[in-house]
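Mind having a look at this structure? Questions to follow.
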Amino acid sequence: MSVLDEPTLARPDEFPYDRSDPAGAIAQVAEQVRNWGRWGEDDRVGTLNLITPERRAAAAGLVRTGESISLSMSFDMDGPQTGWRRRTNPVHTMLDTGTDAVTGIQGFPHGIGGADDVIAMPLQCATQWDGLGHIFDRGMAWNGRPAESVVTSLGDLVTGIEHTADLIAGRGVLLDVGRVVGEAAEGAEGAEGAVGELPDAFAITPAHLEATAKAQGVEIQPGDLLLVRTGQMARARRSVAAGQGWSGYAGGAAPGLSFTTAGWLHAHDVAAVATDTWGFEVRPNEFDEAFQPLHQVCIPNMGLTIGEMWDLDALSAACAADGRWEFLLVAGALRVTGAVGAPLNPIALR
Amino acid sequence: MSVLDEPTLARPDEFPYDRSDPAGAIAQVAEQVRNWGRWGEDDRVGTLNLITPERRAAAAGLVRTGESISLSMSFDMDGPQTGWRRRTNPVHTMLDTGTDAVTGIQGFPHGIGGADDVIAMPLQCATQWDGLGHIFDRGMAWNGRPAESVVTSLGDLVTGIEHTADLIAGRGVLLDVGRVVGEAAEGAEGAEGAVGELPDAFAITPAHLEATAKAQGVEIQPGDLLLVRTGQMARARRSVAAGQGWSGYAGGAAPGLSFTTAGWLHAHDVAAVATDTWGFEVRPNEFDEAFQPLHQVCIPNMGLTIGEMWDLDALSAACAADGRWEFLLVAGALRVTGAVGAPLNPIALR
Amino acid sequence: MSVLDEPTLARPDEFPYDRSDPAGAIAQVAEQVRNWGRWGEDDRVGTLNLITPERRAAAAGLVRTGESISLSMSFDMDGPQTGWRRRTNPVHTMLDTGTDAVTGIQGFPHGIGGADDVIAMPLQCATQWDGLGHIFDRGMAWNGRPAESVVTSLGDLVTGIEHTADLIAGRGVLLDVGRVVGEAAEGAEGAEGAVGELPDAFAITPAHLEATAKAQGVEIQPGDLLLVRTGQMARARRSVAAGQGWSGYAGGAAPGLSFTTAGWLHAHDVAAVATDTWGFEVRPNEFDEAFQPLHQVCIPNMGLTIGEMWDLDALSAACAADGRWEFLLVAGALRVTGAVGAPLNPIALR
Amino acid sequence: MSVLDEPTLARPDEFPYDRSDPAGAIAQVAEQVRNWGRWGEDDRVGTLNLITPERRAAAAGLVRTGESISLSMSFDMDGPQTGWRRRTNPVHTMLDTGTDAVTGIQGFPHGIGGADDVIAMPLQCATQWDGLGHIFDRGMAWNGRPAESVVTSLGDLVTGIEHTADLIAGRGVLLDVGRVVGEAAEGAEGAEGAVGELPDAFAITPAHLEATAKAQGVEIQPGDLLLVRTGQMARARRSVAAGQGWSGYAGGAAPGLSFTTAGWLHAHDVAAVATDTWGFEVRPNEFDEAFQPLHQVCIPNMGLTIGEMWDLDALSAACAADGRWEFLLVAGALRVTGAVGAPLNPIALR
């Protein structure tokens, strides 16, 4: 941890807010990071505006080896969901199969046979973007709109994920805080590819982000798509492999961004942020009684699109191997009209 | 149509197969284009092997302006599906909404409110890739495997779409046959952006593809992701706008690739092909009684990944505007384990 | 039509309300038929309270021949839904099949094989009860509760269909208005079983109900489960058989109860009413611009449970054959927690 | 346990089969209980044929007090499913809500507002009938048909649950083996309504069934719908109430019918059997390595319809209160075309 200029702790004493007053802290920070009106009254995409064609074209110049790395988890019944708030894992079923085809019951001519399938799933069951309609702050949605005029049972009528369909391609930067600040798990140390990971409840502060960037030799620029690896997904995957399930990955304790990073994200004008955790921010949250306070300031106030459950391990290995932590990231969500979040297969090209 | 070296017809007399014998023609062509074993006994991805890192890196060099264009249709209840073979349009419903949030029933602290959603949909309801397990030829799946050992009710156990998750990024080329060979629709001629489109039942032959490439000044190279625009989606969209629905877009008559293009696709070593139609190949099919014979030779025999219902109109306009018909195409499918097809949001960067 | 004491018309001139003022008529009638508080402040089931154990026991005494007749439509993709308000037909898919079992891929021991299935469907896609949370009148739900405190994205928190699970068994009476007042369809006249049916837009008034009861020799009693056959489902089924689809059965023009029957239903203290139509009440509705005004007075005000898309044709034939139009009706909805409507398989025992 | 003529044990030594040879025992018993051809070559409903109109009419005569008791569990996300073989709990979501209605966004006239909902669920997620297509014995389905010709990805083409829609109403008898043979749970003894229940892994033998019938003073007759209460659901419900979840109710150890009851069920010509457990038969099964061997002999060979996850506790209390253990049972499954199992709301009238 010599890369850190100063010692940091998972839950440092210097947390600058009253832990018993989340509402007060949220109100204060929300105002500091609020981007309402910055891109006009009618804006639907928030900080994604920061990805300009120029920045995107420059990002394409980062592609050297032609490696293409998917940052998506699997979408299947083996996923982390446990039914919380009716979020199941994806249920994929077949409409036609090869076993049917060979029994000759499909009724097609000249020897053609087919298979077809359907899926039922929460839009936020696995690798996903949170759309701007996903979270409200005291009844208000992104850009100062009343929540009830934005998201009804018909979906997000204003800021649905479809409005981002063309936009999310640009410079990606991976800050591998797990690798730089964390330690390899006990028992996994000797294993091939065992790399650092942060313990659950570890709050990533601006200092950790800065130290990681410095250690990696990379700088965050306006319009960047920032990926933050904690290592929790690698840990969860080991748990699954050991027959112990996801061990609370979905909704349990987790490393993640500290509430104190809101200002840092705002100051750096990142276009979007994604992590390898279920909930982006540290859990338990940093207030005595709270539920995802960083979401509350970032999504409806800053207009920040947030990615969760991204699998950053293969990308981390590739970046570590040649020391290049920036790449072209193409990460358009499935174009579901009115979605407040949507699954995707993010691709890093390097 | 002076761009064509020789007259071509939608259903030319010179169709070199016996229209009353699809099985015979399929057997013959399947053997000609068969790639079984070409990438080893264990191969799961077929012609996607042709996208090498080198080709991908070169494709990134095609990005100039930084434009990013989604080639995805909307995923919603307004889509083209009519229930054929249990394919509905996507049903997107909410788990939580803004109207709930403001009534104070969500039970969250400090003024945070949330919206969340689920979807139920056929994996091939809108913009999609057909996976290699989607079609069988006389009981055989890609690479010579028995269909019943590949796709069961558990999904595609061998060639599921998840195996392609990292791969589909490379040089994209748009052959806008509709624009080059077709004519602007009556009534739409004067409209802004009215461009050529092919009539239903128009079979695109190798000659049309060659003529279009020549007219556009572009060459197809091995490993390319080939996009073929017919204009049918633009026509369907006009029909929807006129209150007349999709007019048979899903499964009805349509322009599309002729059965005779199988050899051309094979000879050019394209990595994947996608069109703006429901079914990729011309409909009605070119045999007296047939069902998607080009699928039958291309998917299980050639190992070709096929895209359908791609929205190529915005890309077509952009390419026509500056005469550049090649671009970086990033088109990874949603990583659904065992899927025989999967939705995606393909992104063209230029 | 000699059974009618006086001439009645589908849309009689004597409609006692101003057709241009549905709101006024609804306000007036809602007050007349309102049962709020009748069964206490906490009531969740409305007029189902009228089915007492004594009445139910007496109804069991109506069973003579032991015939059992399902009044349910089929639940499948061939149903009437067209996607209106995201209502699809049921999508039934398999998790395991016999074709899988025989290929030996299921992994079960000693020769056992299995099939299993899932379904995705709107709860009101076919034969169903409308629960008391299905309709609101000027923001108020059954028993005078604010709609937003009753039905949220979590479902009906107060009057969910589960509260009726034990209750809906009692005396059923079929009023076959189609048979008594209507005429056999042209072309169907000579067919076996061709019976009378009402034309679309035919409004069934209290006079029609009285005349039918008189013709059939049956009396409506308090606590009855009233079934009203129009014959529209038989007509729709002929249309389907002729390859012309459901012809607007779901949401189009239809015979049904007149707005003027609200008082009659209230005066007779029926426990619940069901019809063989999509929407229970006549369509187009009887006001110039309206949407289901009879629902609006009956469900939230009277507390009436309403059944739709019940298949009454087999029951009609049986009743006509021996002149007994009363029976034991057992019609508990699927016990879906929080449902505002639910499918069922209603059984008439006679 | 004095009601028992002779001591019985959960897993008695006298089990008459070789526990290491399930296949052998199954082959032997399957032949003994096989009803193939008994109701003709074309039969689709098996032992349900045993419910004659006469028996049904007589059963109606059992209704005395007019009590109506639902035997259905709740269908919701709080159910017992854990995702095994893609079986989730029901996901119920709203298409429209009261919170929407009051915000005025629904677009309906004259003050009407509406709520509507959808569900996605396995057909065997809660209270259900196993249809005759649910289980195969060495590749054969009910009545000697090859499994692959009966159940494909299109569903059960021959013996789908829809064929039973009219039939399942008749004399119900509850054998409360839990109450008669079991003991009240520790800690629950003093509680109101605490009644006997069988421990997990308790195999109910013919002797237990006979002893229970004798103790209750009831006889099983041909055509009966037999309900067997073990008490496991009451135990599971206590576990849920204590915050410990369903404790393996779905698929774990459970009391249930012994493999040795197959002959007894056959000899008594019961029409159908249901229990308050997930899997009908005792678990772990009585062979060293086995999976539901009683299903394998009963469903495809005997043609027996089997009910699972029925909530028999309220009925048990009512029967115990007045000593009447027979009643009219009306238990038609949801009419899902081609289903191999289906949910229902069974109603006991007494």
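To keep things simple, chains are lettered A, B, C and D as they appear, and every chain counts its residues starting from 1.
By definition in this document, a residue touches a chain if its C-beta (ideal position, glycine included) is under 8 Å from a C-beta of that chain, and two chains touch if they have at least 3 such contacts.
Note that the structure is predicted; figures quoted are calculated from it, not measured.
A.B. asks: Count the C-beta pairs in contact for C-D and for B-C, then report the pair with the higher count.
C.D. replies: C-D
A.B. asks: With chain centres defined as C-alpha means, what is the inter-centre distance between chain A and chain C in Å?
C.D. replies: Each chain reduced to its C-alpha mean, chain A and chain C end up 47 Å apart.
A.B. asks: So what's the Cα centroid distance for chain C and chain D, whole Å?
C.D. replies: 29
A.B. asks: Taking each chain's centre as the mean position of its Cα atoms, how many Å separate chain B from chain C?
C.D. replies: Taking the mean C-alpha position of each chain, the two centres sit 44 Å apart.
A.B. asks: Please set out, as single numbers or ranges, the residues of chain B touching at least two other chains.
C.D. replies: Residues 86, 91-97, 99-100, 102-103, 105, 118, 120, 148-149, 152-153 of chain B touch two or more partner chains.
A.B. asks: Please categorise the chain-chain contact pattern as a line, ring, star, complete graph or other.
C.D. replies: complete
A.B. asks: Which part of chain A faces chain C closely enough to touch in the complex?
C.D. replies: Going by the criterion above, the answer is residues 91, 93-95, 97, 99-100, 102-103, 105, 118, 120, 153.
A.B. asks: Give the list of chain C residues in touch with chain D in this complex.
C.D. replies: Going through chain C, the ones touching chain D are 22-23, 26, 52-58, 60-61, 63-70, 72-76, 78, 85-87, 90, 92-99, 101-102, 108-124, 126-127, 133-139, 141, 146-153, 155-156, 162, 165-167, 169, 287, 289-293, 295-296, 328, 330, 332-341, 343-345, 347, 349.
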